[in-house]
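There are structures below to look over.
In what comes next, subunit A is part of two complexes: it sits with subunit B in the first one and with subunit C in the second one.
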Partner chain A sequence: MEGLSENKLVWRNKWGVDILKLEIGRIYIKDIQLGNETTVKNGILTVDKEGLITKLKEDERIKDVKIDVARPGEKVRIIPVKDVIEPRVKVSGGVNGFPGVTAKQAQCGDGVTHVLYGAAVVTVGDIVGFQEGVIDMWGEGARWTPFSKTFNLTVDINVVEGLTPHVHEETVRVAGLRAAEFVGTAGKDIKPDEVLAYEMGSIFEESAKYPNLPKVIYAEMMITQGLLHDTYIYGVNAQNILPALLHVNEELDGAVVSGNCVAACDKITTYQHQNNSVINDLYAQHGKEINFLGCIMVPEHTTLGGKLRASEYTLKLAKMLGADAVVISEEGYGNPDSDLLMICKKCEKAGIKTVLITDECAGRDGMSQPLADTAQEAVAVVSGGNVSHVVTLPPADKVIGNPEAIAVLAGGWKGALLEDGTLMCELNAVIGSTSEIGFHNVTCRLY
Partner chain B sequence: MKKLIITNNPAVKEKFKNVFFIDGSPQDILTKVRDLVHQGHGLISHPLSASLRMMFSPYRTVVLSTKKEQIDFFSAEIIEDSIIKYKNHMNYRKIDNVHSEDYQVIDILLLEAALNEDTGSW
Partner chain C sequence: MSEKFKVLYYVNQFFGQVGGEDKAGMAPLFCPEKVGPAAGFEGLLKGAGEVVGTVICGDNYFNENKERSLEFILNVIKEQAPQVVVAGPAFNAGRYGMACAELAKAVVDELKIPVVTGMYVENPGVDICKEKAIVIRTSDSAGGMRKALPTMAAIALKLGKGIELGSPEEEGYIPRGMRKTLFVEKRGSQRAVEMLIARLKGEPFQTEMPMPVFDQVNPAPAIKELGKATIALCTSGGIVPKGNPDGIQSASAQKWGKYDVSTREALSAPDFYTTHGGYDPVYANEIPDRVAPLDILKEFEKEGLIGKVYQWFYTTTGTGTAVSKAKEFGTQIGAELKAAEVDGVILTST
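Presenting the complex of A and B:
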């Protein structure tokens, strides 16, 4: 690190090459109130409700917006959740917002970003009738979702009639991101309570610094299969990409956005991309136990040809970078299980060790064989939890979103919706309950 | 490359050529796909979708290649695993017929995405 260049806020190394250096300043949020201005004072986030509605309705595809707040402990249920986003603001470097989506193209992962830590924007709205995804802010349901602990600003989007499903999805997705951007600006001039620094030189520099540490790369699989099953990197639909190498800072700073709203339990919400636990954990070990090389963003294709291509390309990138080990996280369940094992088998055969993170479907009692696909090479597998585990959710005092969607959760088996309104559903329906990047509440215990 | 689309989705039958329509359940589709794979057809699209919720869909569409001389063992392994996985889930859950219209639409959109994705003729 040689210091700041004269005219722009970029750190340069001794060869004059830019280094991505990210500072995330967390401003602790203790409550959200609706009001007439958007500010943070003493940890209280006030949101200009009408201003936000006006802002979102600039998009003429939006007919109606309902804004509400759900706080930890309140007997409130949010359903059906489309996405969860952390409100942030760019203080220096890059541009504010999500480059390629809500803002012009810019480099993510560089400069200073302020985070309204403890707050979340939750987008709500039916795109299809079978959409699930519930957040309970209290009781049994709250135990299973990480978003029962955040102060949630809910943004319920009603679109004008006649939109195609694709346009409807895009409208709701972008509205959530714009809402997070709007709210995040409140943190611009506030002194953070905590500052996290993320700094990584080039792969060659880091490898020279830590010649004896094993080189580890993270392969993050993303659902990229069409409507309601998409992920975007810098606004590019990842369905159309070859596996792409990202600097470890980029995803933590808004480069990756979720466009996926069917796999409630194991989809990676935008919030979880912004706070990817695998990246954070590997970062924490960088220079100590491992040399963390970077992230390979791996699209999960529908076709076998696509799966073969993506898995081979991932292996090739890992080899080119000299990786000794790959941590692979899955998104979703079903056909992506094949991709996970393809990458695992190919890497292990090439002498690159693998750790797999997935979730399992082990039946109501957890005793069934959890994974249909097996491979002898998959020797280190971390489970994010059993998606079939049944939870009992008592009736809420208040439902934000569409109360009829509750029946969708219960659908499919008798006795699930009891007379008093108590609901029995599988973890499958609970947002973030079996996260395959470890951003959740479930853990494993050895008996 | 010629493709064969196996489906129980009437909207797919309406819109595409080379469709083998089965008036039956998703399980019937998977069974038929298995039989065709054993006869030498290869899988172009994976028989399962990417989320659990779609597992409860009343509709399933799978794209196969035209018949080859030899059985593609990779395809055979995948369809066998998919049938096991599908049965595992449907032991507990029923098909969600209430939203069948929406499932029909998403099924066709995901099929179109798969067909766009498959550019080669390997």
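Presenting the complex of A and C:
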């Protein structure tokens, strides 16, 4: 990033100021304690438990809130998990919170944001019943989820009776975001341990600066298939959008929020949007091997017409930007496999090289074909692993939430919870295990 | 020192030192000695295993009398009770390869004993058995024997001791087609960016997922007299009777269910709901017929548009269900419908 900043000075004179300049200050969190104030001291995050509960219960739809802490290495299981959110605070530029959802509209991706790095808010509680997941903080289960490495503040939300599932989902979604916001404020006046700079000029500016580097875009597919399967950009339900171009900084700064109740293994949690690994890894190569132009947010529709429209529109945006290559990531499996391959085929035919990231439904024995669709153009594919791979998770000393939930979760089954507390399930049920934005280090090999 | 594991060896008439093409018609026989490649094989097992005998069979005899041959050989194997069966290597010999492959498949399926064999990659036997047995990659002629045997023995040693096999590249076998989930050092996004840069530079790169090849299914001929036809209703939308009595999974289904709907006019709530974990269940739970339209079919029946709605309604969950499972379900359900002389099926998905 440093070399990039020096070059920037030269071009700033000629072209004017950056479009967006984001500084992310990481405050390393080494533990979470519950107490009477919300502060960070020497890396220990203390959370005002009653204050947080009071804050969340301002929403009349919430009946009860249970707050707890799960630390890496503890024999603790969290189930059923809806979302994971990174606690942050806006120090300058923009507004605090999630614009369009918990805060008024503002530009994301600009200014200074402090992150309680190593901490996460985890929302717990049945919503649909099938579509939440499990996090084990120790042992075998910990290997399969990236959220065993974070200090997790669990927020178990009980809603008042009579809410429809859709209102229930919204209530829990917003409560998780508010909790993260509440906790994040502890980092406001703390000096970060590490500062990351994200600066990017206009497409013309960057292309003039790196005329010989291949122009790359990131097409991020999002599940937007109806209530309970939605993703929100600045609070807009992406179900109703045409593929939208985002500056590479925006998602990293709270523009995108998960509203998804889908299989836990490959849903993109809000935390993963805030720390999108494809964006980060492409950013690291910007100005070196590639010229990273931007992110196209692609809705996944249920109808053929929707799939054709979204894939064509994505191609058009890529062409307008003069892209040489595109990384396409999927969310979910089954019918979105078709969207993924449609975009791939169209781009490859137009001379735009693709790399895809997906996961596999290869059956419990791994002997089945992995995708619901196929395309000979898909020659460069990264696999996040087989969603039906079965894991056996030993009994926990403590369960936050409801262990019985595994009987109905996607990836679980009746009898999956053994009498001694051992849990057998498919990776389907483990949050973030087969991430299709490449957030985790699981894959499949041909054996 | 634990007891040695037992290996039974299978060869054809040529490698069994009986004779060439003129002896290809010989019926199988069991020989308690180590014949042909079996002779050197035991030494390669490093004292951990012993070869308890050799089955020799003519290639023509096996292929012309498959069932009789298999019956004899499986009986020998049951009597000898080896922990591992070794067959071949067959190199590019088609009939020998087919014999090794059919034997391997039968031993694994019926006796649950692991089998190692070896073939040239184009041998027609490879596709018959590679999912069941471990088929090591050999050259196309018997000149490769010296190289093939140690590879087969190393695998037999692991199978005999119950040690998990490494990757096809490490162990030298032809991939079985299994997608094995494992950890790697770099996260997926990093691997994607590196793959992208390699592609852009024109450098070699390796996809992590070769694209699947799909079956093509020809549509059935049209029903000529719909007014006399029996029509069944079948869904992958997870509609089940209240309580999900058969415990059909919410994703990655391992089973299907069938329920008598002969006395019903519709799949109404709350008697039915969905157990499908891949879509918003709210509207399906309000009116399950939205997913599996029994109500309309019954109307059609009353109007005489169709002859009859079949008594049983078939259901499973489509989301995340492996194609191999779906094939299995389809074959089973299809057989039932055919036996019941159902003329057509309405299949709904979500």
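The working rule: the second predicted complex is superposed on the first by the 407 of 447 C-alpha atoms of A that agree within 3 Å, B and C clash if a C-alpha of one lies under 4 Å from a C-alpha of the other, contacts with A are read in each partner's own complex, and residues count from 1 in each chain.
What we mean here is this: contacts are C-beta pairs under 8 Å (C-beta built on N, C-alpha and C of every residue); 3 or more make two chains touch, one makes a residue touch a chain.
As the structure is a prediction and not an experimental result, all values here were calculated from the model.
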item	value
When subunit B and subunit C are modelled together on subunit A, clash or fit	clash
Which of subunit B and subunit C A:239 touches, first, second, both or neither	first
Comparison of subunit B and subunit C by subunit A residues contacted	C
Which of subunit B and subunit C A:387 touches, first, second, both or neither	both
Partner chain(s) touched by A:204 [first = subunit B, second = subunit C, both, neither]	neither
Subunit B versus subunit C as contact partner of A:165, first or second or both or neither	both
Which superposed partner A:378 touches (first subunit B, second subunit C, both, neither)	second
Touching partner for A:440 - first (subunit B), second (subunit C), both, neither	second
Common ground on subunit A, meaning residues reached by subunit C in one complex and by subunit B in the other	128, 130-131, 165-166, 225-229, 262-263, 332-334, 361, 363-364, 368-369, 387-388, 408, 411-413, 426, 428
Touching residues on subunit B, where the partner in the complex is subunit A	42-56, 63, 74-75, 78, 81-82, 84-85, 88-89, 91-96, 98-99, 101-103, 105-106, 109-110, 112-114, 117-118, 120, 122
Complex contact set, residues of subunit A against subunit C	128, 130-131, 143, 164-166, 214, 216, 225-229, 262-263, 277-278, 280-282, 284-285, 289-290, 324-325, 327, 329, 332-334, 353, 355, 357-358, 360-371, 374-376, 378-389, 408-415, 426-428, 435-447
Complex contact set, residues of subunit C against subunit A	131, 165, 167-168, 175-193, 195-197, 199-200, 205, 207-214, 247, 249-252, 254, 275-282, 318-325
Subunit A to subunit B touching residues, read off their complex	128-132, 165-166, 223, 225-229, 239, 262-265, 267, 300-307, 331-338, 361, 363-364, 368-369, 372-373, 387-388, 408, 411-413, 426, 428
